[in-house]
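Take a look at the following structure, please.
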Amino acid sequence: MHLDVLIFGSAAIAAKADRVRVRVGESPTLADVARAMAEQHPSLAFALQSPRFAVNQAFASLSTPITPSDEVALVTLVGGG
Amino acid sequence: MHLDVLIFGSAAIAAKADRVRVRVGESPTLADVARAMAEQHPSLAFALQSPRFAVNQAFASLSTPITPSDEVALVTLVGGG
Amino acid sequence: MDRSSMIFAMILDGPVDPSAEARALSSIALAQSDLNTSGRVGATLRFEGIVRRDEPTPGAPAGETPPIRSLSALQYQSYDPMAQAQLASLAHGIAREFGLLALTTLHSRGRVRVGEISFVLTISSAHRAEALTAMMAFIDRMKRDVPIWKTPVWAD
Amino acid sequence: MDRSSMIFAMILDGPVDPSAEARALSSIALAQSDLNTSGRVGATLRFEGIVRRDEPTPGAPAGETPPIRSLSALQYQSYDPMAQAQLASLAHGIAREFGLLALTTLHSRGRVRVGEISFVLTISSAHRAEALTAMMAFIDRMKRDVPIWKTPVWAD
């Protein structure tokens, strides 16, 4: 499946976009999404070393299963608020 | 010699005065003054267990020699500022 | 004794200047005034975060002092509505944990120029100790858990 | 970079209300305003100590909770001019030790009623960390080294 992941701050600057599309297998977890992002968008590797995600506007652990209708955001706070 | 010692806060309340007169030997140190105060003014004993003095408006150690013209104040901050 | 506390948390557009702050806090102005005359408050603490002109430039090699470069502003981006929910949740959590009487916080979204305020946190408590430790905990956790990012707008 | 910092420390009669504060700080108002627009300040922190109504009565046996009794005011007695000199010396020492940009402090002498402010400390610095640690250090050392005593004036 394909998934759009929202990105912010220095990740958005690095990718020159406010979201990136990733290709993942069926029934992925957030860990799969993170791995796919790092492979398919190497400019985001710096923000994926210890990534933090939100799913549907709430923090979620890497074991969280993802469906195509979920809102997924990479919220690693590189540099802080 | 005789010496007036300024007192404040709960010490002043206990003694019902803003200073007490003490009788000390010749060439006393602050330690002698503290001892004489505790003996001659038992109501101040609570403020003399680890006393702190100012001499001529500056903190002074217990070994400081005192002359009759010095301004001596018991500034133990019982209860804080 | 009344165990409730007065909490307000909001992300607003632009700098947290006095008029923006008064507007944001108008709904609790009366409760604030009641609290201040209640005799229950022994300490109030207010923190303002202000945009500084000089920032080290990012990307310097480790161990080297990065060159200083001048900002004209910071651009704050918040992930809404999660950022607002996290800020409010943090405010309630800190107030409960430290037994505060009041906590109000305002954070900017969008552009805030050098010298302008981007963040205000005000805490009222019975004694000073809990106000100071609550303030440090709040700011640390905000930087960790509230999804707001800042991007420099360079002067040159 | 200008290494000087703006310091002001004063003991004044009665509560530290806004008009008393403005009067006391009028001589540095211009310098304060210059500093605030300089782009050097990243954090300002303000502490207000307020007289609370309920105080534990002194003299309760150790281990027992002292009964609460209501105040109408606190009476502050300062040993002058030593108190003023110690407050100023503390202000300069803390500003130097923590590299602050500004530190102003006002402390009451005489009667301050419940709900009124008896102490204000305002700190400006480049970053928040030094403002917070400097504030805690200042208040701890003030209570140890500035000869000011408070006496309760009971309501009943």
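Letters are used for the chains, namely A, B, C and D, taken in the order the chains are written, and counting of residues starts over at 1 for each.
Just so it is clear, a contact is a pair of C-beta atoms (placed from the backbone, for glycine too) under 8 Å apart; a residue touches a chain by one contact, two chains touch by 3 or more.
Bear in mind that the values here come from a model prediction, so they are computed numbers and not experimental data.
Taking the definition of touch as given, a chain qualifies here only if it contacts chain A and chain C alike; none does.
Ranked by distance of CA centroids from chain D, the top chain is A. Per-chain Cα centroids separate chain B from chain C by 48 Å. Centroid to centroid, with C-alpha atoms defining each point, chain A and chain B lie 70 Å apart. A separation of 27 Å divides the Cα centre of chain B from that of chain D.
With centres defined as mean CA coordinates, chain D is found 23 Å away from chain C. Contact of a single residue of chain D with at least two other chains is seen at no position. Not a single residue position of chain B touches two or more of the other chains. Chain contacts in this assembly form an open path, with each chain touching only its neighbours along a single line.
Chains that are in contact with each other form these pairs: A-C, B-D, C-D.
Interface of chain B with chain D (complex): residues 6, 8-10, 12-13, 54, 57-59, 73, 75, 77, 79-81. Contact residues on chain C toward chain A in their complex (touch as defined above): 58, 77, 79, 81-82, 85, 107, 142-151. If you check the complex, the residues on chain C that touch chain D are 36-54, 114-115, 126, 128, 131-132, 135-136, 139.
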